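Some notes on the structure that comes next.
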Amino acid sequence: MSRTIPGTGLLKGLAVTIKHLGQRPVTQMYPHERPDLAPRTRGVIALMDENCTVCMLCSRECPDWCIYIDSHKESVPSATEGGRSRTRNVLDRFAIDFSLCMYCGICVEVCPFDALWWSPEFEYAEYSIDGLLHEMGRLREWADTVPAPPMLDVGADAPAEVVDAIAKSDKALLAASAPAVGAGAAGAAAGAAGAGALGPRLGLGPRRRSPRSTSRAARSTRRPTTR
Amino acid sequence: MTTVIAPVATLLPVFAPAESLLDTGGTVVSLLLKIAFITVMFLVVPLVGGYLEHKGMARLQNRRGPVEAGPAGSLQLVADGIKFIQKEDIIPGAADRKVFAMAPAIGLVATLLSFAVIPLAPGLFALDLELGLFYVLAISSVGVLGIMMAGWASANKFSLIGGLRAAAQLIAYELPLILVAVAVALQAGTLSLVGIVEAQQSSELFGTGISMWYVFPQALGFGIFFLAALAELSRPPFDMPIGDSELVFGYITEYSGIKFAMFLLTEYAGMILMSGLTVVLFLGGWQPLPGLDLPDGALGVLLGAGVTLGKIMLLVFVMIWVRVAYPRLREDQLQRISWTVLVPLSLVNLAVVAVGKVVAG
Amino acid sequence: MSDLDVREQLLQGTAPGEGLAIELVGDGDLVTADMSLSIGPAHPATHGVFRVVFEMDGERILRAKPVIGYMHRGFEKLAEYRDYRQIMALVNRHDWLSGFSNELGVALAVEQMLEMEVPERAQWIRMLMAEWNRILNHLMFIGSFALELGAITPMFYAFREREDIQHLMESATGGRLHFTYNQVGGVKIDLPRGFLAESARVSKLTRSRMPDYDDLVLGNEIFRGRTVDIGPLPTDVALSLGVTGPALHATGLAEDSRVTEPYLKYGDIDVEVPVGRNGDAYDRFAVLLGRIRVSLDIIDQIHDHMTSGPVNQKLPKMVKAPEGATYVRTENPLGQLGYWLESDGGRTPWRLKMRTPSFSNVQAIPYLVQGQLLPDAISILGSVFFVVGDIDR
Amino acid sequence: MSVLARRDRALTPEETEALLRDRLGDGIIGSTLAHRMFTVHVAPSAWVDTFTRCRDEPLLDFDLFDTLHGVDAREDGFDVVAILYSTSTGNRLCLRTRCEGGRDTPVCPSLNDVYRGANWMERETWDMFGIEFPGHPALEPRILTVENFEGWPLRKDFHLASRVAKPWPGVKEPAELDEDGNVIERVPGIGDAPGPYVLDEAMAAQAIALRQVSAAIDAAAGNEAAVASAEPTVSDATMPEASAPASGTAASTDPAAAADAARTADEQRRAQAEARARKAAERAADETPEEQA
């Protein structure tokens, strides 16, 4: 550092600080203004219980052992006449203990049926630690706050599911003597995959949408190739 | 007090202490008025200074500062005060209880008493002592005693080091502070603070017709006085006695509740007092601009008070600004600056003023 | 008065402040009192539960003894009970200011054992995130070091910058501190659309604000007075202690594994290593500031190099590292982070040793503070950049 | 850049081993080169000499003491591993030795006089594995764990308390019910939870005992729901075969009351589930047109 006139450093310090006097403060007025959180923010885990098949994967993969699941079997009468009745698993209890959870997202990642979702909501502090054990009803409510996943970067590969879907629809097209309706549907699917596969379907609000209405393609962008 | 000094004043008609507006007919009434004046000065003005510190610091740092208590957070310090009163008053088991309890009061009383002689406007002051400057400097030094007592009585190593640092620092800076003040008194020819302000108004700067605020001829002295005042107040960058990253909170470490609030109030009041003193000694007191006089009557008094308080707040802002911009010095660096730079410079300042006085006089 | 008299007088308890427990050491005629001053475990200068006991003569430090372990969470044991996916969420917590870089080390170690090729785009994304993480970390220390010297403002400016960067990283990873974005074979998910443009914008913004730190801190005479020639560290002592990162570069040795043992794609780009002269507190700070600029340069280069393609590998249901051991060293923000991974072929590591930079760097503190004044010791404590969780694990 | 200046003089792993063998003879037991890491196995007697050589030999010039740590070597005792790096040649060398004294009194000579950095590393290794380092100035007090901590945490026979104290929620089978309609839980067995740790019989017994205690407390508090959910566990404790019938009779608490409580809770649960299923069906019905469109 070259020798400078003594005191210039001190004056520069004053100049830097006074420069900020006229600038707009950067403080976020949190309780008054909502923070603008990214859609991928890991705030709270939402459950769509109708998607859950009680496979126990999340509970077993959880590093903190904080997911509790109870269920029972139930037989469903056949939809068609004379068909066999099937049995299915019915979820009785699904609870996540957020006092243990370390927000790693492994449960969301491993869920094969998209029953678990991240939501950016974070305002669920409690005075008692018991309150952080969110049971099924509470977890279901969070599902309404799950935002649409963001579109992927332009350089990104199409998710595996989308690639599969395109291949499948191509097959359907190639299958000789395809009925007009089927071809139309397949064509539409291929078009969707080609043009807007990476994003949510148009015509729906970009945020604050229930994941139920999220298109399959957009949903699959969350988990490209691990499965 | 005036009555005691009055006979002496008749002998020195030029420098007779001015009459305060608060001296109404009744002794009791005027006494009450003076007490009210000092109390308001002591309790309200520092709050404004504190608010300025909160907000000013915040804006310099690109944040907002307090916003919730009162409009734009203006009642934050009041809210803090209420909180402090409600808090438990903890006295450490090993502490010397009496000294521990007394320490915050000593600093506070010293600052409170000093406000008696600071003039805000023509006639708006509690007392005009003929030895006003001497009185202020003497009384404000007593505050150090409180700091040392706090440091010692807390029975905490951080407090002890803080108290010792404060003592060393205050002794080192008392000297340049007084030497510069002496130069001002020499130029004004009086030790009365009101007299000094009037002297600045009545003398001209090199025949230009502009009032000679002493900041012009004694710019060096002004700088030294301001620096020394910062050190005297333990304000950053000279806040080693309470340097929070080293000594946790120095001599205040063990204090809580209302006693802590007293230290806090003393600090803000000290800022106001030292700024007030700087305004009186160097910046022409209640005179709005050099050469511009106040109108007579009640309007002049009000305007004068506003001008003085405005100048005080400006200086307080500069103190805040310096706090925001600089890191803390080291104790030995501070001592070196004081003894090798400021003391010689203030002696030079004094010599120049003395020579100038003789030549011009 | 003899030494013995003084000792009795003080210990009788007649003097106030008897609780000070001052030990008197007679040395010839002059009686001096040595005092032991405990900085921490909850002291403002230790930013975490870390403790140093100073033995002091007045304000001069005779000896220093760091006491660590207040935050020991047994990460190495916990890691032996978790599979490699779960470990990612664990390791980003020991040095909570460089979560991404920590994950990266484990991912690289497992990939090295599996001899797995990571897609090119994933490597660039990893580098981009690692450099942003480095800037986040350095900004924090620039603020906190200045704060320890009594300058409060740089902290606020640094946090303003950090907020922008954290928002950026959150948009891709979903986390603010614990990113959990790496996985064996790549990263979890590709960047969201517009990320690179935003990254370029934040990079430009951060660069434009860097002169503020030069003017406010580095060029300040008081700052120079407090740091120049304070706590100099010779290179050989630093190496013998295992000190790495900015503290090592300040001694004048540009040993940066991004340059000397390039991992990811660091070999394809220019990485400059700022170095100091004599390893004092000023040099350490200047190096830290210089590293932010270097990281910004790297980020700009990554933007130019970014390729398209997949970002992760198809993994088996359970990743198992083959039997054997490996050691991976990455240049973390605070120094060299090494992961020793020994596997018995199972789905969890047999032994995962975390060689953390803070642990080795803090070992240098007794050497550095010996004979210094208390305020200088604070300056040294602040300039040997460490994260308490990284020391104790 | 000065760091890379002497790269061309870097010895290959073979040369390094040959050099060390030449200087230390039988002290060098062998070497392995795997996973891009070169490891030299050293006899404990030659441990300190090897490091002194590595530091002082101009051709080796290992100046950076990277790390030192212990590894559990099963019944053979413990290994100590140290890694050195040379900033001039860019070489990395891993040195490994097997401690003398087996699992009971592992001992390894201290490197404190060779590299300063070994001081804390060895303290940590002692703290974690109980390996003594003769020649070290002060291994005590324990550096990372609390001072009165008992045991050596990183030894494999030291079990992680959090994994013992709490049953793994993943042991439940999805939707498998016994005759009373309770969810079947298995006693944690080998390989249930991810990890190399074996929930051996002693640990399983401990886990069951813990749950029994908590069930007893819940029962005492009259918490019916808790009894209902804890009850099958109790039966598991006495009858390891979870599919064994008549689990209610084995309960240590009042069997009739417990069975009643279980039945009530179960009925409630079913009612809830039915309502939920209905809702889900409705939702699915709502969704269908949208999916087709």
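Letters A, B, C and D mark the chains as written, and numbering starts fresh at 1 in each.
Here, contacts are C-beta pairs under 8 Å (C-beta built on N, C-alpha and C of every residue); 3 or more make two chains touch, one makes a residue touch a chain.
Note that the coordinates shown come from a computational prediction; the quantities given were computed from them, not determined experimentally.
Chains touching both chain C and chain D: A.
By count of C-beta pairs in contact, A-D exceeds the other of the chain pairs A-B and A-D. Chain centres here are C-alpha means, and the one lying farthest from chain D is B. Chain centres here are Cα averages; for chain A and chain B they lie 61 Å apart.
Per-chain Cα centroids separate chain A from chain D by 31 Å. Between the CA-based centres of chain B and chain C the separation comes to 44 Å, rounded to the whole angstrom. Spacing of chain B relative to chain D, judged by their CA centroids, is 64 angstrom. Among the residues of chain A, those touching two or more other chains are numbered 10, 13, 16-17, 20, 26, 61. Contacts with at least two other chains are made by residues 60-63, 324-326 of chain B.
Residue positions of chain D touching 2 or more other chains, listed in rising order: 194.
Chain contacts in this assembly follow no simple pattern; the graph is neither a line, a ring, a star nor complete. In summary, the structure contains touching chain pairs A-B, A-C, A-D, B-C, C-D. On the chain B side of its complex with chain C, the touching residues are 57, 60-63, 92-96, 99, 152-155, 157-158, 160-161, 236-237, 239-240, 243-246, 248, 323-333.
Chain D makes touch with chain C in their complex at residues 1-4, 34-37, 39, 63-67, 69, 71-72, 81, 83, 85, 87, 90, 92, 94, 115-117, 119-121, 124, 128, 142-146, 153-154, 158, 160, 163, 194-197.
Across the interface of their complex, chain B is touched by residues 16-20, 35, 37, 43-45, 59, 146-153, 156-157, 160, 216-217, 220, 222-223, 225-226, 373-376, 378, 382 of chain C. Across the complex, chain A is touched by residues 166, 168-170, 172-177, 181, 183, 193-194, 229, 269-270, 272-273, 276-277, 280, 283-284, 287, 290 of chain D.
Across the complex, chain C meets chain A through its residues 82, 85-86, 88-90, 93, 121, 153, 157, 160, 163, 167, 170-175, 178, 180, 183, 188-196, 212, 215-216, 219-224, 306-315.
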